[in-house]
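What follows is a set of structures for review.
Okay, so chain A shows up in both of these, paired with chain B first and chain C after.
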Partner chain A sequence: MRKSRRDQAGRLAVWVLVGPYVVFLVAFGLAPAAFGLWTSLGSWGEVFGDYRLGAAVRNVALYLVLWLPVLVLLVLSLALTLHARPGRFAGVMRFVYYLPGAVTGSAAALLWLFMMSPDVSPFGPLLGALGIGSASQALQGDGLIGVLVVMGVAIHAGGWIVVLYGALTALPRDVLEAAAVDGATPWRITRHVKLPLVRRYVAFVLISSFASGTQVFVEPTVLETSARGQISPTWSVNQLAYFYATQEGDFGRAAALSLAMLAVGLVAALLVIYKTRFYRTDAV
Partner chain B sequence: MTRRAFLALAGVFFVLPLVWMVLAPTRTADSLIGGPPLAFGSIANVASAWGNLMAYNDGELAGWIGNSVGYAAASVALTLLLSIPAGYALAKHDFAGRRAVLTLTLIGMILPQTALVLPLYLEMTAAGLTGTPWSVILPLAFYPFGVYLAYLHFASALPGAILDAGRVDGAGELRLFLTIGLPLARPAIGLIAFFGFVNVWTNFFLPFVMLDDDRTFTLQLGLMSLLQSTGAVNASSGFSSLNIHQPEAALAGLVACAPTLAAFLVAQRALRTGMLAGAEKG
Partner chain C sequence: MRRVMAGIVLLLGLLSMVACGGTHKGSGELLVWVDNTRTAAAKQYAAAHKDLNIRVVTMPPDAGYVPTKVSLANKTGKGWPDVVFLTNPAEVSTLAAAPFDYAAPLEIPASVRDSFTPGALDPCVLGGRLYCLRNDLAPTVLWYDAKLMKDFGYEVPKTWAQYQQIGERVAREHPGYLIGTMNGKYGAGVYFASSGCPTRQAVSLTEVHINAADQACTRMADLLQPLAADKSVSTISPTDPAFAKLGQDGKILMLPGPAWFGDFIFKPAFKLPPGRLAAAPMPAWDGEDKPYSGQVGGGVFVVSKHAGERTKAAVDMITWMTTDVALQAKQPTFPAHQASAEAWGKAKASDGFYAADPVPALKQAAASLRPGFGFVRYEAVWQSSFNETVIAAVTAGKPIAGALPDWQSRLTQAATSAGYTVK
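What follows is the complex of A and B.
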């Protein structure tokens, strides 16, 4: 009798501790998704019939096709190069790559607009060689995707380099040494030993970046407001959903489209958890 | 040698924009356009650029800074209040629904935050909260990565035997948390506050959607309206009566990034651990 009352008090205590978080989890995680689903009923057909959706999907797809390979290759090659010759220089460089991650959102858009303006940019000669005479020219046509790719790489590469480098330093030393003793060249060790061992991390980088890339919103929005008329306000899928909600006042379509995007993110999240087993806790 | 050259070349790409942003406010607009892009001007120029920024819309920038600080402080405080006890309970207690809460927390961590912004906006509109600071503070206080960090910390740093000893002495579960768990949570509090702060401070999409009165804007939102009047893109579109040019815009950008840059410098040691993984999204 005493014991069970104690158990009951214990259960109550646990919910005092975890309850407030669960309330927030429901209110700002599950509820908006459920409410969105309710709001979206009847609007799905309209959304998928909208000609602007096709254009937005093409834009985002092209952005991903260019950005993802550049990001992953750069991150991998820099992390492997840093790891091949660790030391003071490598330590400093690792930090240098990481810093631009602090400049995000509208600050990043502002900074890179200046970087694309030949009259003030330290990359002036490079821009000249590419035939870019002004920031507005850099944003014209497919130039926008180029600017977004460069921005996206500068912002995200550093954090991933740190993660991948951390994974490399955690590799078992004896395996790498055994390969070296067997006469494997540094290149062969990288290609056949290190790379397969950090595959899980590369998959994690790829899936997470894919998920966040599909949701691209901030950068094209900020670039659009500063170069009005040049860039479509419905350039990306999320921008189109935002446009539905705020410019056309159509919450049904906005909800349908953002739920479709949510589903893409959810699939990616589940892939990370169950396929790459990146978060190995006893919960999954 | 080629290795070093490759690393250094990449370093130039990453660091040159930052160096430019630090140097640009020390110049005048004319010297920036006519002279070398990377050179130090004078401190007096920084002061005059700051003066021009502060004069913009009667000191609106100061209000934006205040808003950003206020939203971040409130939201991080709430995050800590929610995530430390929750992480402790998830790590040290088995209860019905624990698995579900943990799995949803993991999903919330990995899911790009932007994916939920518009559904949140629809929900907040129905609740009549859009336009208020709460529409930004409350959703950002839900920070699954913070709960995950607290969970990891308590799972590894707090042996169950200590709690059992306390139970034998007759201490209740809440008392055990307050007297044993909480004092041990200090490293986790630091980490969660760091990542939570960076997350709130740099967030753009959520306040952009929720807030429409420019007096409630965050610094990230304010920067966008500044950008429109700098003529960085269309030289002709800048309002000539405003003294907002490239040095002023660069200074505003620097102010917006300064807290995150400072946080990164302080947190350099944490970079060695793989702890950053979950912060890399959105």
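What follows is the complex of A and C.
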């Protein structure tokens, strides 16, 4: 009797806590997706036959191949380094890593354009060593992918470093101490204790970043607004969907392509849930 | 992350609706969208016409902004501005055609139409109907550093052949100095459009003529070939900080570019000392009677199809905005209206920044716009495809002429997917 009432209260609490999210999910996720599906009817063929789609998919694929490993390795190594040296230094650095992501919009466009201009950039000598003499040159052809990778890493790394650092600080202290008592060097602790314990978080970073990377939109759009004419407005798949809706007034094709992107994101989400057993609470 | 972004966008949208109110409040209101530069003039008109209940909304000059907003208004069936200024004038071709169907064909008296610089309104005519009034023109001229030209002992070139010869001499005698640059619209618009290369000749709202194999294209490719190879013509965008550095270092001997380069590039970005910059007409081609200009910019005003009974008031307002001499004489760029251009030129003639009065060259350029430069829906690709083909060829050390078929096919693809039949 008591137990069932507690069950009921528990169920109520679950709904109270989950309710707002469900409302938002339905209002701004499911309902628009369903409406999008309705809008997209009859446009799928046109989208998959569009000559710009192939180029956009290629661009995004190349971007992912370069950006993902760099991002994950950088995030992992910086988070582990910070964890190895806790204290004020780690706190300051976490904030510093987070900063580039805070600069957005037209300010970000100008900032990055200047970063890529050897004459005014603090990284001028580096750009010179790469044979880049101007922003025009840096943005040309596949050089643009390199610029976007740097932008993407700088913008996204900070948030993930905080997440991964959080995961590291939550590691059971006794395990780490036991390893140290057994005579493990900091390197071996990192390699054989910390890394296996945060593996699931790394997988989460990887797959979430994959999903957001396939939808890359902000970085090329930001660059395109200030270096207009130098970058295709349909460089990425998401940009193409946006272009359909806003510049061609074709919401059907925009909806079709957006739903196709949603499918890619869903597959990535399912991978997170089932392959990394992210929601299992018994591990750790 | 994306959901957060969507939420922010929605919130901003709601806020902008509440705060500045981009949409109609009452049926009797004349809603006017202009960029920051045009806001003061629009407000002046609103104050002088209190009975019209004009509401002026300032919008960003970003390319694609107006089509985006109109696209949303089309979706909701309300919220269209009655008058809109286009910083990116090619957008009129998007707004006039299906599925936007926003821009109204304008009924403008012949006397008003004829008061514009001849040819200025041509790109606004689509399928035989006038869809916009031109605020300003951006014809290309040959900007040059008068002091450097004198120091080096060069004559300002009158023909493209002379221009090429000077380029080759500069590369030999003064390496590092530039006689031009081509990148995006500054390559396609300055060089190829001035030569008459048909890459965006809008026959109607649904037909366009593209032929990059035309002799007008190949002659420009041949002309630029040695200059690109010896680097007297650069491929850096003139708005690139690296190019501004070259300007500040005094490395720009000549720069064919739009009329606004003097006041908006040479003065603020290149920080050229006063008394150095001068303008000449573009070089002419052998066998042609006069030099022709390309175009890079020049805003237009459009009236909404949904203006209904406010249509007349809207047309009156854009007529005033584009043809009022007192107003236009004070505006920053070259007026499209002839009498205004005269008045504008009088003020500019005494500007001490220039080595010689640039106005005669600007006026001649405005009167010699190369026909066939239309407002098209594939403007963005027109710019980026130039870099993807012609500039990519230059960078790779390949012949420019060899890149033209590739440019042609990209333009054709873009035009076709923008709903044009390519001829």
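For this structure, a couple of remarks:
The criterion applied here is as follows: the second predicted complex is superposed on the first by the 239 of 284 C-alpha atoms of A that agree within 3 Å, B and C clash if a C-alpha of one lies under 4 Å from a C-alpha of the other, contacts with A are read in each partner's own complex, and residues count from 1 in each chain.
FYI, a residue touches a chain if its C-beta (ideal position, glycine included) is under 8 Å from a C-beta of that chain, and two chains touch if they have at least 3 such contacts.
Since the structure is predicted, the reported quantities are computational estimates derived from the model, not experimental observations.
Contacts of A:G29 after superposition: both chain B and chain C are touched. By the document's definition of touching, of the two partners only chain B reaches A:A102; chain C does not. Within the superposed three-chain model, A:A260 lies out of touch with both chain B and chain C [touch as defined at top]. In the superposed pair of complexes, A:S232 makes contact with chain C only, with no contact to chain B.
Contact with both chain B and chain C is seen for A:S117 once the two complexes are overlaid on the shared chain. Contacts of A:L62 after superposition: neither chain B nor chain C is touched. In the superposed pair of complexes, A:Q140 makes contact with chain C only, with no contact to chain B. A simple residue count on chain A separates chain B from chain C, and the partner touching more is B.
In the superposed model, A:E248 makes contact with chain C only, not with chain B. By the touch criterion stated above, A:V70 is placed in contact with neither chain B nor chain C.
Comparing which residues of chain A touch chain B with which touch chain C, the overlap comprises 28-29, 113-114, 117, 119-120, 134-136, 212, 215, 218, 225, 227-228, 245-246, 251. Every residue of chain A that touches chain C in the complex is listed here, in rising order: 28-29, 50-52, 113-114, 117-120, 133-137, 140-141, 212, 215, 218, 225, 227-233, 245-251.
Across the interface of their complex, chain B is touched by residues 9-11, 13-18, 20-22, 24-25, 27-33, 35-36, 39, 74, 77-78, 81-82, 84-85, 89-90, 93-107, 109-115, 117, 119-124, 134-136, 139, 154, 156-160, 162-163, 166-167, 170, 204, 208, 211-212, 214-215, 217-218, 221-222, 225-228, 238, 241-242, 245-246, 251, 254-255, 258-259, 261-262, 264-266, 268-270, 272-273, 278-279, 281, 283-284 of chain A.
On chain C, the positions that touch chain A within their shared complex are 1-3, 5-7, 10, 62-64, 67-68, 71, 74-75, 94, 99-100, 183-185, 235-237, 240-243, 245, 377, 380-381, 383-388, 391-392, 395, 413, 417-418. The residues of chain B lying in touch with chain A in their complex are 3-4, 6-8, 10-11, 13-21, 24, 32-33, 37-38, 81-83, 85-86, 88-90, 93, 95, 97-99, 101-112, 114-123, 125-126, 138-139, 141-142, 144, 147-148, 151, 172-174, 177, 198, 202-205, 208-209, 220-221, 223-224, 226-228, 232-235, 237, 246, 249-250, 252-253, 256-257, 260-261, 263-264, 268, 271-274, 276-277, 279-282.
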